[in-house]
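So, here come the structures, one by one.
The same chain A turns up in both complexes below, where it pairs with chain B and then with chain C.
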Partner chain A sequence: MIFWHEMKKLWNPKVLIGILLISLFFYEFFLSFYFEYFPNGRPTADMHKINVEMIEDYGHTLDESEFEGVQLWFEETNKEAQAYLEQDPTARELGITSYQSLHEKLADAEFGSAEYKKMDQLYSRIMFEEEVDAFWEIQGYETMMRHYEDSSTISHPVDGIEDNFHSILPYYVYENFQNLILKTGTLITIVVSLVIGLVHLPDQRKNMLPIQYVTRKGRRLFKSKLIASLVTTLVVTTIYLGAFFLLYSQNGTSPFFDSSLRSFELGLGVMFWYDFTFGEYILATVTIIYGVAILSALLSFVISRLVSNYLALVGIQICVTTSMALIFSTFLLVRLFSTDFSLWVYWAWIGVLGVIGICALLWRNRIEWTVDVF
Partner chain B sequence: MLEVHHVTKNYQSFTALKEVDLQFDHGIYGLLAPNGAGKTTLMKMLVTLTFPSDGEITYNHENIVDLGEEYRDILGYLPQDFGYYKSYTAEKYLMYIAALKGLDKTKAKLRIKELLELVGLQDVGRKKLKKFSGGMIQRVGVCQALLNDPKVLILDEPTAGLDPKERARFKRLLSTLARDRIILLSTHIVSDIESIAKEIIMIKDKRVLYKKNQEELRSLLEGKLFEAIIPFEDVEAYHSKFSVLSEKQEKNGIKVRFVSEQKGAWNEVEPSLEDVFLYVYEEETDLSEDRKHD
Partner chain C sequence: MIRHELSKAFRSPVLYGLVLFFLTLNMALIVSNDYKKESLSFVSHVVEQYGPKATDDSLLKMEEDGLELIHDYTDRRFSTLEEALQHEDSFIPSMQQDDFERLKQLVLYFETGRQADSFYKELNLQDARSGAIDQYGLSGGAEDVLINQYEKAEERKKELVENAEHLSFFFHGATYEMHSFLFKEIGRALLFEAMVLTVLLTAHVTTYEFERRTSLTLFVTKKGRTMMRDKWVASTVASGIISAFVFAFTLGIYFIFYDYSGLLSSSFSNFFMSEMKMPYISWWNVTFTEYLGLFVLAALALQIVFNWITYALALHLRNGHLTYIAFAVLFGAYLCFSSLLPANTGLIFAGQFSPFIMILNPHAWFTMNNPMTIFSYYEVVTLAAWGLGFILIGAFSYKHFTRQSLL
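Let's turn to the complex of A and B:
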């Protein structure tokens, strides 16, 4: 079977080592940060704990009465902070009894005065040296509660979107995923372009075409190579996405998968045309990545047949992958289906990109039957 | 029967071949012409790698372009310089071409074994092609052309890079293959086709000049070819008066072989195919360059 021969040529060990190196480099420089530092520092880590607890206790939405429950947790935490301050001699001396009074007094004190210095030292000790959980948690609560309260001001932002924005999906979870999926999508595009870019050109450079095209199935070779390329693309994309989600599962965001994107945190910054849950949104980006991987494969496939040297191949490929990365980062992965653009814009682009890929392929396929081979 | 009807081939504004008419039946046909005459161009059209700008080529009265895969199925082709994968073994390479030719795996394996034996490569079938010499690669090329037992076998300078022993073996191989198929081979080495070719085709000025059997070709110079030993000073004069085909240093002067329309006091000699070739392409200088290497 020609298919297997072509597969073996595509899965050339040298190329595989090359893409492995590129992937490791890419991981190290662009991806590892978002795995290693998630949630990134405090109080984000504290907010994360609170958010997860809220989902455990109240489900994926937080209505007004449930919000009162969260306010009770907040008071608990405040009491913990007060208890800490009570047994602290410096705090007692300064007359600080709560987190709020620490903040207020620090703000009121004259900068540089002895009192200010003392309070500042106390603050640093609590927050950075001893990292007392209660104090960080209070910060987390405050941010979150402010967002919840602000979300009531989000009203009828765009025609057709009316929601109470009570879903629990913090912004940092969304942002972290955005960053990761953008970089992963770009890496997959690069890898696919590289691998599929080598489907035709080496044969041409090695002067194989006169022998291949004279055989019975010679002029169908284009199709066999196409099938091998598409299978390779799907396998490569699946492997990369598999590895990605394996790593991503360590970020512990699965509790939010069933939360709607129209959350009280996200609603303040980004609005979506579809009422997706976070999990559905992830699936949408995965679908886009498969689609763009196939598009990249088709373009690479045709380009590889058209160019006559490696320099031209690399040059064109850089242009193609850069365009893809740009499209990804502006709207097709980052802020996919957000109200930044009209809904039809997304579908128009998806349609246009699909048509470009298919037309390039059909055009070349027709030529293959009558093309001169030198 | 393979027929070329009034075929013209243009590359952009350059005409490589003009109004070529040819017929091929069973047997060996030698395409004898100097560099750049259009041998490869003609062969590429015969194997559907490129297409006539005008005219058509038919196999059993059907246009080969319309026959498409049906025609390519009975075709064997050895390109002038062909490609291979250095990291493949001879067997693996042939398996790949066999797959392209649509042979099934078990049949292909048997056939490959047979063919490697036929060209004397049975012991190196499992060796990587990068370890092969030029002549060995050329023989692998012959194998791939023969994989599908083609009815039409087109070989573009198949003996390039073969040593005299291999050349002789190849000649024998061709004669046995020619019984029930069309073989067309191009060469500028006359001895490759001498005695085995049924007909010889000569292309000159983009057209087919001759398509004759060897006897007829030789008779073109019958009674016109002479040899004489002359003093060194006279060589110039002979060159301006006659078509001198060769000259050779001898003890008592220079031995010249030349064509003259009138008889003289010279030794008349039997023309060989090579003489005809030299005479026909006399004015083409690049040829003399080529001859030195043989």
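Let's turn to the complex of A and C:
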């Protein structure tokens, strides 16, 4: 069948090896960091532990009475820190009994004085040399509890959004996913453009069209090529997204999938039009990526038919992919459906991009039936 | 014949479209810092009124003017700005907006200028060195190289203080970050755009006959395969022209948009420009304009090296599309390779001498601010070594091409 022949041409081993290598380098330079360093450093790692524990014990929301429970945890950790300081000779000498007093005294002490130096040494010994868990956890608790208390003050001028912001979804989890999905989406756009760009051009360069278009199959070949391109795009996108989520599952963020985006740690930084859970939000970005992959495929499909050399093909594709990456990073993957823009802006752009893709295809399809191929 | 080859490069409308697209992006990038523009221009007045350098005399005059401004709004009389600012509640609430802005700016440059001398006296490059050693996990031979280089940096630091280079006025770096903006954000964008144009154009010209399937006709003519020599020259010239045009246009717009009057002859290694703890220090006593000139020259030379790399690839692959992919793969592979070099010998530094690494840190060119490339002739050596290497590879590839089967 013609379709399989077209598939064979698209899955050209030389190009595939190139694309595989480019993807590996892309992963190494842009993606691997967000897998290897998650959660990144302390106290984020400690916060992560606390957040996961909270979800295990209290579910996906944290109401006022449950928050009191967390405060009890915090006091326990504080006691651990106090116990550590009690057995430490330097701390006893300086009269430091708790994490808080260490902080206050360090702030009050005159910079450069002997006392300051001693305290500074004690502080860096506890935090950086011995990395005492309790102290880092206190930092994590403090940040989290401050956010929880501030969440009651979240007020926003936009109508229609009302929530108590009690959901548990930390900002670093959202940010990590956002960085990853932006880069993954960009990589998929590049790869699809590279593969689909070669659907017409090599045939045309070999002057195949006059032969192909007088066969029995004739100009319906255009349609076979289209189907082969779309199937290839879906397969490539699915493989890349599958690999991505396989890697992403190692980050251990699945406890948060059922948490609403309107959480007390996220609410202060970014607000969303829809009351999605994190899992639903991930699905929304996946849908966007499939859509944009098909759009890139359609554009590359048409461009590939229009141009007569590789300079033109790659030149136009660079403009398209760069624009796409800019659109991704301003709103279509990063902060998708956030209140940075009105809700209609997102749908208008999705509509415009869809119309561009479909119009380009329909226009060329109509011409293709009557165009002079000699 | 070179003329014909040139026309192959310049007759492609997509190339012009791409240039236009890049220029639009650059303009959007330039305008994105628009909000800084108004308060930026203050430093030009400073240079006009107090001279190009923050000497004791000009600082004294600045202080007097600042006090005069303050005394318009309060009955109290202060003898120094420092004293006045401790009692700022007595005059700031009653100040007019523009006077307040002026005072704020004046104090900013005055304070920075006053700290300059003592800052460089206390500036400890040993800290920077041990920070770099920790960060990159260097040991053994690599550590020795770095210790050696930082000793040279120390000497240069002393020299610049003697020359009073650090006292030249410039946009306040910690506030406006104009060096990063021009040389890192815009500079890096320019370099990558020019690289894309160079690679596209070179591969296009070199593989033109193969793409058109006229190779079998043309390469048997008398001129024949020697045409590849013309292609080499033509693509080099064309890359140079297109890159120069993109640079000239973008930088032209930049300097029309942002007012650098009075600063063009400021010493590059000044204290005002510093954005982080370590101030920018160039290896030579150059003014801002001279630095910009060096930067553009190095950037153009870099494109020529990319041009030669692409030429060699295209001669072997004889297919435009594969050449583009091969270039991208080579770029990525080199970066991976250089990060795998052992951190306990000087080799790790040898790996840094590459156009693929050089293009990533344009804001640190000719300076001692990137510990991995802290060699005074880093740029020159990189360009010369890779340039020479790819002239040789290009020549061999050409020799090989003249006697290989093209069927």
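By our rule, the second predicted complex is superposed on the first by the 372 of 374 C-alpha atoms of A that agree within 3 Å, B and C clash if a C-alpha of one lies under 4 Å from a C-alpha of the other, contacts with A are read in each partner's own complex, and residues count from 1 in each chain.
In the analysis below, a residue touches a chain if its C-beta (ideal position, glycine included) is under 8 Å from a C-beta of that chain, and two chains touch if they have at least 3 such contacts.
Only a predicted model underlies this, so the values are computations on that prediction, with no experimental measurement involved.
Visitor: Check chain A with both chain B and chain C modelled on it and let me know: fit or clash.
Guide: Partners fit side by side after overlay.
Visitor: Quick check for you: in the superposed arrangement, does A:Thr322 touch first (chain B), second (chain C), both or neither?
Guide: After superposition on chain A, A:Thr322 lies in contact with chain C alone.
Visitor: Could you tell me if A:Ser65 is touching chain B, chain C, both of them or neither one (first, second, both, neither)?
Guide: Touch partners of A:Ser65: none, neither chain B nor chain C.
Visitor: With both complexes overlaid on chain A, does A:Met1 touch chain B (first), chain C (second), both or neither?
Guide: A:Met1 contacts chain B only, not chain C.
Visitor: With the C-alpha centre of chain A at the apex, what angle separates the C-alpha centres of chain B and chain C, reported to the nearest 10°?
Guide: Angle at the centre of chain A: 80 degrees.
Visitor: Of the partners chain B and chain C, which touch A:Gly218 in the superposed model: first, second, both, neither?
Guide: first
Visitor: Thinking of the overlay built on chain A, is A:Lys206 touched by chain B (first), by chain C (second), by both, or by neither?
Guide: So A:Lys206 meets both chain B and chain C here.
Visitor: Looking at the overlay, does A:Leu198 come into contact with chain B only (first), chain C only (second), both, or neither?
Guide: So A:Leu198 only meets chain C here.
Visitor: Is A:Thr370 touching the first partner chain B, the second partner chain C, both, or neither of them?
Guide: After superposition on chain A, A:Thr370 lies in contact with chain B alone.
Visitor: Once the structures are superposed on A, label A:Gln87 by its partner contacts, choosing first (chain B), second (chain C), both or neither.
Guide: Neither partner.
Visitor: By how many Å are the closest C-alpha atoms of chain B and chain C apart after the superposition?
Guide: Shortest inter-chain C-alpha distance (chain B to chain C): 8 Å.
Visitor: Common interface residues of chain A with chain B and chain C?
Guide: Touching chain B in the first complex and chain C in the second, residues 206-207 of chain A appear in both lists.
Visitor: Where on chain B is chain A touching in the complex?
Guide: Against chain A, the touching part of chain B is residues 44, 47-51, 68-69, 72-73, 75, 77, 79, 81-85, 95-97, 99-102, 144, 148.
Visitor: Chain A touches which residues of chain C in the complex?
Guide: 12-15, 17-18, 21, 25, 196, 200-201, 203-204, 207, 211, 213, 319-322, 324-326, 328-329, 331-333, 335-336
Visitor: In their complex, what parts of chain A are in touch with chain B?
Guide: Chain A residues touching chain B: 1-2, 5, 203, 206-219, 221, 370, 372-374.
Visitor: Tell me, which parts of chain A touch chain C in their complex?
Guide: Spelled out, the residues of chain A in touch with chain C are 14-15, 18-19, 21-22, 24-26, 28-29, 194, 198, 205-207, 307, 309-316, 318-319, 322.
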